[in-house]
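Across the two complexes that follow, chain A remains constant while its partner is chain B and subsequently chain C.
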Partner chain A sequence: MSSDVTTTMYESGGIVMQVELRELSMEFQDVIAVDRLNLKIEQGKLVSILGPSGCGKSTTLFMMAGIYESTGGTILFDGKSMNGVPPESRGIGMVFQNYALYPHMTVLQNIQFPLRMRKMPRKQAMERALEMAKLVQIDHLADRKPGQLSGGQQQRTAIARALARKPDLLLFDEPLSNLDARLRLEMREEIRRIQQELQVTTIFVTHDQEEAMSISDKVILMKDGVVQQYSPPQKMYDEPENLFVASFLGSPPINQLQGSISKGVVSLAGTDQSIPVEAEGQNADCVVAVRPEAFYKAEQDEFHVIVDVELVERIGRDMIAVVKLGGTALRVFLAHEDDVHAGNRIRLGIRKKGFHLFTPAGERIPFQASWFGHKQ
Partner chain B sequence: MERTTWRASIQAYLYLLPALVIIVLFTIYPIIKSLLISFYDDYDYFNDIVYARGFASYQYLWNDPTFHKALWNTFVFVIGVVPASIALSMFIAVLLNSNIRLRSFFRTAYFIPFVTSVVAVSIVWRWIFHTEYGLFNYVLGLFGADPVAWLTDPKWAMPSLIILSIWKGLGYNIIIFLAGLQNINEQYNLAARMDGAGKAKRFFHITLPLLSPTTFFVSIVSIIGSFKVFDEIYALFGGQPGPASSALTVVYYIFEKFYSEWEFGIASAAAYCLFIIIFILTLIQLYIGKRKVTY
Partner chain C sequence: MLRDALSKTTIYVALGIGAVLMLLPFIWMLLTSLKSGNEVMIMPPVWWPDDFKWENYKTAWEMAPFGRYLLNSLVVMVLSTLGELLTTILAAYAFSKLHFWGRDIVFALLLGTMMVPGEVLLIPNFVFLSNLGWIDRYEALIIPWTASVFAIFLLRQFFLSVPKDLGYAAKIDGCSDFRFLWTIMVPLAKPALFTIALLKAIGSWNAFLWPLIVTSSKEMRTLPVGLTSFSTEAGTIYELLMAASTMIILPMILLYFILQKYIIQGISKAGLKG
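Moving on to the complex of A and B:
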C-alpha cells in the first residue's frame, strides 16, 4: 500500500538533493555558535547531527532551513548557493521539536497547508494530504484538531506535513525529545522506514547518541561549533578520531586511564602494571581509553591486568562490574556466567577492538597492539 | 477542597462586604430604580410621588423622531468606528510587534491618547478640525481641496467624531492586540515559512486565526464602548450634540432628557432601550464567537 503512495508521490524526479556546507559560520554577538563548517551530505541519505547542548547542531539546521542567516560561508543545495534565499523558497520540509502544528486546523488541513500555499488545486491537495496521512498511519484521525492528538500522533502529523509537498530536503529538529521512551523507539523506526521508502535526503538533529546511532547512514558529531567526526555510526564508535568522540559515544561511557608511553609498553599511572603497545614517543603522557565491553575475564596464559572488584550489578542479560585499577574506577561488562563477586581480585584481558590511545589533549595516537589475548 | 462551613462563609462575606455595599448602592440599586422610573408616567421628582405608572415613556420613544435620529446616529457611529479601529489597531500592533527601531517609543506614543483626558484631547482636535486655522484643512489645502467645515457643517460632524474616536481608541486596542500577538508562538510562523507561506499568507492563515480570541474580546469591548459614546461629543462640539443635532447619540439623548428636560421616565426608558440593544448584540457576538474562536 505505502509503496504505491511512494511512487505516485515522487514520480516527478529530481527531488533528492545533495547538501554541501562550505566554511559555514554563525556568530551570535560574542559567541561563535558554528565555526567554519565544511561537509557534504549525499543525496538520499539520512544524516544525524549529534552533540551536547550548545554545540551548534540546531543552529546549523536552522541555517540550512534559512531561519538563521549565516554570518559566513555558504550552503549549497545541489550546487546552488542558498545565501539570501528565504525559508519559504528553499523547498524544505521541517519537523520542529514541539511539532508546531497549527492549532486551528484539523490534521488534514495541517497536511494540506504547504500544498495550498503552493496553489495546488483543492481536490488534488486533499488527495495528496490523504496519501500522506496514510503513509504515516493517521488517516483515521484526519478531522481531529492537534489538541485532540497524542504526542506520537502529533509527531506523525508533523512528518506528513513536512513531506506533503515533496521536499528536496527533510529536516528534523530533535523530533523525539518530547515523547516517552517507548514511543521514541517506535517513532524513530517509523522515521527510518519513511525515509528509506521515499529516499529523501534527511538531516536529523539530536542530542541522543542512541537515536543517532540507530537510524543514521552517517553521523556528524559536533562540539563547540566544530565537527569532531563525520562518519558512519559504527565507524564512529569503533574508530573515534579523538577522545571527545570516544567519550561521547557509548553507555556506560568509555573507561579512561592515565598512562605514559615508553619502549613497547604503556605504563598505567598509579600502578606497576603496563600494556604492551607499540607507539611513537618516549615517556609521553597519554590517555588509555577502553570500552567497557572490551574487557573480559582472562586466563592465566594471556595478557591481563589485575584489578579489584568493588561492585557487581546484574541488569537483565548484562553484568556490569565496577573494578579498581590503581585508584581508577573502571566499568566493565562481564559474561553472565563469570563467577565474580565484590572483593575478588581478578584478571582482565582486553580486546584489541575497543582499545584506544589519545594524547592528554585528546588527539588520537596511532599504535600497534602487541599483546597476546584469546579474544579479539 | 475545604468543606464549606458557616464560619468560613461568614468570614468571607465580611471581607466582601465593603465592595458589595458600594456596588449595591451605586450600581445595582440605580439599575433597578431606573427600570422602575422608566415605567413612571407621572412623577413628582421633588416629593418622590408617583401619580401614574405605565408604558407612556416607551410609547413616547417609539414616536419620537429625535430618539430615532439618536439611534440612527449611534449605529452610524458604531459602524464607522469599530471595524476601522480594529483593523487599524491590529495593523499597527503587527508593525509594533516586528523588530523595528524605537519600538518602545512608538508603543508609548500610541498609548498616550488612551491615558489623556478626553477634554484635553478634544480641545486639540477642535483646533485640528477648525475650518479656517485647522491642520486638516491646511493639509487638504496643500492638495488643492476646498476647506471643510468639519465641526460646523452637519454633514461633516459625524465623520469628525468618528475620526477622533478611532484615534482615541487606538492605544488601548493596540496594547491588547500586542499582548495577543505575543501569545502566539513564533514556531507557527516559522513552520508556515517552511511550508512556503509568504508574509501576507502567514498573516491571513496563521496570525489572524490565532489572534481571533483577542479580536473577539476587542470587538465586544469596542462595540459596547462605542454605543455608550458621550464625552467625546460633549467636548468636541462644546456642549452641543453637533451642529443641528447631527452628532446626537443615544447616551446624549438620555443626558439631555434627564438633565435639561427633566424627563426622568423617558431618560430611563431610553437607557433601557440602549441596554437591550447592547445586550442583544453581545449575545449575537458570543454566539458567533463560540463558532469561530475555537481551537
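Moving on to the complex of A and C:
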C-alpha cells in the first residue's frame, strides 16, 4: 500500500521499531504517575494512549522520549534497553501539543534543525527538509516563520520536523488539542495517512476517545497510572474489561443501572422490573451497563423493560430519547421511524452487543442470558 | 465623535505638558551652553542668549583632555555592557532552565542583594579592589559592573516564559543545553537583551561617583568625571560645563534612537501556543 515514491523517500534505518515496556513506573515526589506498565507495541502500528487528564499518558510518552527518566522498570526499543540513553540517541521524532517550533526560524530552517544538529551537510539537509515539507504539504510556505502560519500549518511543520531525521518511532503528545474541530478532523486523517505511507511505529497520546478510536490500530486506555485495557479500539468498545473502560468510551456514555443478582435474574434497584440473566452470586450488588444503541423498541411478546419517555431529541439521522427506568435516566438511540413522544410509556428490548454486567467495584461479571438471539 | 475628539485633546495636552517638563532642563542646558559668562549669572535669568557663543564648545573641549576621557568612557561602556550580557545570559539560563541543588535559595539571596543601597558598598568595594591592586586601572572601572542582579532577574523571567516543550524539542533534535541557549533562547530574547544592554550602556556612560573614587590620574578619568574640570576654586564655569554636558549626552541620544525600534519590537512568540 505504501507507494514506491514514499518508500524511497523514507528509508529509516530500514527497521521500524518495536517498543516494549516492562514494569515501567514513574513517581513524582509522593505521587505515582505511572504504575508498573507492561506492554508491547508492534512494529509499524499506530497505538494511542487514551485516558482522562492526569492518568499518566503524557508521562509515559515523555519517558519513551527520554525526557523523563523513569523511576522504575525498563523501556525496550527493538529489545534494547533505553535506560540512560539520551533522547537524541533514541531514534525518535516527537510532536508536541503546542508544536514547539522555533519562532525565529523559517519553516524550512525548523525542519532542518535536527539534521543540522547531526551535522548533515547543508545541501543534503535542505533537500531532505524540502522532501518532508512536500510530504506534509507545506512546501509552498517554506520561507514563512511560524508566527505567520495557521495552527494546522504549524502542526504540519512540527510533523515534518519530527520526520526529518527519519525516526524509527514517532511520538505525538496531544497534537490536535489546540486546533479547532474541523482542522482536528483533517489533521488526524493526515497523521494517519502519513503514518500508513511511512509505516513508522507511532504512539499518539490523546484524551479524546473519538480521536483515539478513529486512527489507531490499538488503544491503551489508562487511569491513575494503570493500564485498564489494551486492545483494538472496536474490541475495547464492544468488550470492555471493566466498568471504567465501558463508561469512558462512547458518546453519549453507557447507561448504568444499579441491580442485584439473584437466581436467574438481575433485579433493578428502585423498580419491580428485572432482567433474566444467569450470573454468579446471590443477592450480590451489581452494575448493569447498557450502550444507548443496544436498546430498541420491543414487541409485546419478547423480553423488555418498561420505561417512561421524558424527552426526545432528533439530531440529524439519530433519535435520542431520554427515558426513566425506576429513578434512573437512560439515554437510548431509537430508530428514526419509531413513533415515540415525550410522555409515552414504551417497551425497550436489549441487544446482546452492548449489554454488560459489572461488580460495584467495576470488575466484569460473566453471564448468560436466554433472551439474546430471540429477536434481535 | 465629540467625546473622542475631547478625550484625544486631553491626552495630547497632558502628554505635551509632560514632554515640555521633561525637555525643559535640556533646553536650559543647550541655551546656557551658548551664553556668555555674564549672561549666565544675570538676575533675573534670561532664556535666550543675545549672542550665540559657539566658541564655548571649542573652549570646553580644550580645557581638559576630553579625547582621552571619551576613549575611557567608550572602553568602559562597551566592555562592561558585553560583560554584563555574557554573565546575565549564563546566569539567567541557569536560574530558569537548569535544575541544581540550592538553585532557588541562591537566586533568593541574589535578589536580596538588590535591597542593599549601592552607597553602602562603596567603601568595601574600594578596599577590596585596592587589595587587588586595581585602583586607577580599567579593571576597577569595568569588572565590578559586569554583573547585574536586576538584569539576571529580567532575563530569567523572560526565559521562564519560554515553554518547556521548546527545550524538549531541541533536546530530541540533538541540541545540547549550551547550543540551545545560544541558538534558540538568545535569539528569542533579543528584545530583552537590547533593553538590558541599553540600560547598562546609559548607566555606564553616566556613572560619576564610582569612577571618581577609583581613579586618580587624568588618564583614567571618564567623561562625567571630566566635567568636574569646570568647577574651580574660583567657582563653576557654567557655560562651558553646559557645552561639555551637551557634547557628552549626544552619543546616548543617538544610541537610543538607533536601538529604539529593537526595544519596542514585540516578541514574535507565535509558533508556541499554550
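Structural remarks
Methods note: the second predicted complex is superposed on the first by the 363 of 376 C-alpha atoms of A that agree within 3 Å, B and C clash if a C-alpha of one lies under 4 Å from a C-alpha of the other, contacts with A are read in each partner's own complex, and residues count from 1 in each chain.
Going forward, contacts are C-beta pairs under 8 Å (C-beta built on N, C-alpha and C of every residue); 3 or more make two chains touch, one makes a residue touch a chain.
As the structure is a prediction and not an experimental result, all values here were calculated from the model.
With the C-alpha superposition on chain A as described, chain C and chain B clash in the combined arrangement.
Touch criterion not met for A:26: it reaches neither chain B nor chain C.
In the overlay built on the shared chain, the residue A:275 is in contact with neither chain B nor chain C. When the shared chain is aligned, chain C comes close enough to touch A:154, but chain B does not.
Of the two partner chains placed by superposition, chain B and chain C are both touched by A:67.
Once chain A of one complex is fitted onto chain A of the other, the partner contacts of A:178 are limited to chain C, with no touch recorded for chain B.
Set side by side, chain B and chain C differ in how many residues of chain A they touch, and the one touching more is C.
Comparing the two interfaces of chain A, the one with chain B and the one with chain C have residues 65-67, 86-88, 92-94, 96, 98, 100-104, 113-114, 117-118, 145, 147, 161, 165 in common. Those residues of chain C whose C-beta lies close enough to touch chain A in the complex are 163, 165-166, 168-175, 179, 184, 187-188, 268-274. Note for the complex: chain A touches chain C at residues 62, 65-67, 86-88, 92-94, 96-104, 113-114, 117-118, 145-149, 151, 154, 161, 165, 178. Every residue of chain A that touches chain B in the complex is listed here, in rising order: 65-67, 86-89, 92-94, 96, 98, 100-104, 113-114, 117-118, 145, 147, 161-162, 165. On the chain B side of its complex with chain A, the touching residues are 185, 187-188, 190-198, 201, 205-206, 209-210, 212, 295.
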